[in-house]
């Protein structure tokens, strides 16, 4: 008992690690219900099929949050690649490591789905400034903001950029960032282009930054690995890593609830003891 | 998995385990090595990527005859005077330009994004929808008004304002608890990714 | 103090910039639009040029630690300087696309080393939050009870298993996230908007000297 009390935090850490990984060895295959928000995001992208429009994905993703953002980004980009006659334009902003991370994600997607760089998708040059001025530059004059793509190819030589001059030429704008940069889009881009369809991709912990804007600025959002797993079910994608991880997430949450309840029981007992003593 | 891949993954695993040793044990040379590696490496990587973008934003336009890229370069270089005690005051000029541009861009959009949209989205649902929708809209409107009143510090929180602030605290604690729940989902996903890397990519157990 | 070292020339610059930007924003289609475009581009270029400030700071601190032979740190400071040098040299020597091209040293370092460290730092919170749930999130009064209530139902809503235990859990959790949570965030955004306006007022009358690098 004394050992447990002395090492309680280490015991919790070990339980935490076990809860997250045990389902990789003993999968539970828990069913995942698809939420309305996921369906809205899916339907918004799905409505672009056959229109010939492009999707603009503006992203700023530091490596610290890639563990979570990977799944939602993968789901959204895979869906865009699966849509017929829909192009993808990616713009990296602010967080330099995001370029390498999303590049590695694209490498997983374009080969199996036979997509050609410069024709079906392109990553434009990195904008290193803070998100606000970067979005302002894009809102002001999209074409003039980019002279080349991320590889240094002049933008005029890219077939995908032929009919794209302003933000109005895009069907949907997706803003993918972990958390606090989302209000920048509402403040900078939305007032200039209020009729554009915006979608948000963020971390579950960043939901507080997009929640007030859902339904008005953002048409829909995708946050957290559970939504990525729901999304994968919608277009029957073969990628099930998100779904596989959700079992462990469930166990972790049950453990979290146990900790919450246990902690409160212990706290309540201490209060009763103190009151009894006094 | 070949030996080179294993050694490569061992490097990443060493970093991760260094940070894990910090919490399972306490600060030690391994955790400090991990800190120093990450801090120095990430900053250097960011610097390289960003400096290369100057080729597109400065060098190419300059070679094409666009001289308007020279003033921001000079202003940006003035920031490096912060390392000099005697000439540190010079950084005021580039800071004035950079901060003001960012602030002014935000200022332009704040009335719409922070006020009009928020008030519109709170008020409009009060007038339409099912009984449940209107009940939710009323709850939301009460919460918004009380929480805004909570952050009014020009008057003491007594009387009506006091009651409003108390109700606001209840709403905020409910919301912050929900926020903690969302944050938990984020951190456990990242932790699972780390553990997955250790077990699958490094040790090959998965 | 000489006039050029005071805050007044900086305020003149600030006022000129904010006038151009706000005028161009609210009255588009004038010649101020060109000035606005120039200013936004300048902001991006300046952001790139100042990126090395952080690197220089870290380098100065590391060199200081090595010179002072700071116990337990000076070896690590040498290691840090070595890593920085390798990253910079490989990044600049191997060409523009080297940070993102597989096969280059800098890309190898980032993909197999740096990014896992950054990920691990954030992931540690996964451990800490559970211990916080055990030790700190205790209901002592109505307010803290509501906090625990909110956390409880949100956890059950987020975990797929919650809906299997009882159908009502995700419903309550979703209500929490759709009504009080959004309401509080909206109110906070209104407050943030007021804060930005207040800060801007102080900024443009010269009260925020730190923003101009004029720290007393």
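Note that the chains take the letters A, B and C in the order they are written out, and that residue 1 is the start of every chain.
Keep in mind that, in the parts below, contacts are C-beta pairs under 8 Å (C-beta built on N, C-alpha and C of every residue); 3 or more make two chains touch, one makes a residue touch a chain.
Worth saying up front: this structure is predicted, and the values here are computed from it rather than measured.
Asker: From the centre of chain B, which chain's CA centre is farthest?
Answerer: A
Asker: If you count the contact pairs for each chain pair, which pair has the most?
Answerer: B-C
Asker: Distance from the CA centroid of chain B to that of chain C, rounded to the nearest Å?
Answerer: Each chain's C-alpha centroid was found; their separation is 4 Å.
Asker: I'd like the Å distance between the centres of chain A and chain C, where a centre is the mean of that chain's Cα atoms.
Answerer: Going by mean C-alpha positions, chain A sits 17 Å from chain C.
Asker: Do you know which chain A residues sit against two or more other chains?
Answerer: 13, 16, 20, 63-67, 96-97, 99, 127-128, 130, 133, 136, 152, 183, 204, 207-208, 212, 224, 226, 249, 252-253, 256
Asker: In chain B, what residues contact two or more other chains?
Answerer: In chain B, the residues touching two or more other chains are 23, 42, 45-46, 49-50, 53, 55, 101-102, 105-106, 108, 110, 113-114, 118, 121, 179, 182-185, 187-188, 190-194.
Asker: Among the residues of chain C, pick out those that touch two or more other chains and give their numbers.
Answerer: Within chain C, the residues that touch at least two other chains are 40-41, 43-44, 46-48, 51, 96, 99, 110, 114-115, 118-119, 121-123, 126-127, 129, 133, 137, 148, 151-152, 155, 158, 177, 181-182, 185-186, 189.
Asker: Any idea which chain A residues touch chain B in the complex?
Answerer: So the residues of chain A touching chain B come out as 10, 13, 16-17, 20-21, 24-25, 63-68, 70-71, 96-97, 99, 125-128, 130, 132-133, 136, 147-148, 152, 183-184, 186-188, 190-191, 203-208, 212-213, 215-217, 223-226, 245, 248-249, 252-253, 256.
Asker: Provide the residue numbers of chain B that touch chain C in the complex, in ascending order.
Answerer: Within the complex, chain B contacts chain C at residues 8-9, 11-13, 15-16, 19-20, 22-23, 29, 32-34, 36-55, 57-58, 68-69, 71-73, 75-77, 79-80, 82-83, 88-89, 91-108, 110-111, 113-115, 118-119, 121-122, 136, 139-141, 143-148, 151, 168-185, 187-188, 190-194, 197.
Asker: Considering only the defined contacts, which chain C positions touch chain A in the complex?
Answerer: Residues 33, 36-37, 40-41, 43-44, 46-48, 51, 96-97, 99-100, 107, 110-111, 114-115, 118-119, 121-123, 126-127, 129-131, 133-140, 148, 151-152, 155-156, 158-164, 170, 174, 177, 181-182, 185-186, 189.
Asker: Touching residues of chain B toward chain A in the complex: what are they?
Answerer: Checking each residue of chain B against chain A gives 23-24, 42, 45-46, 49-50, 53, 55-56, 60-61, 101-102, 105-106, 108-110, 112-114, 117-118, 120-121, 179, 182-196, 199-200, 206.
Asker: Hey, which residues of chain C end up touching chain B in the complex?
Answerer: 5, 7, 9-11, 13-14, 17-18, 21-22, 25-26, 38-56, 58, 60, 62, 72-73, 76-77, 79-81, 83-84, 87-88, 91-92, 96, 98-99, 106, 108-110, 112-129, 133, 137, 142-144, 146-155, 157-158, 173, 175-193, 196-197, 199-200, 203, 211-214
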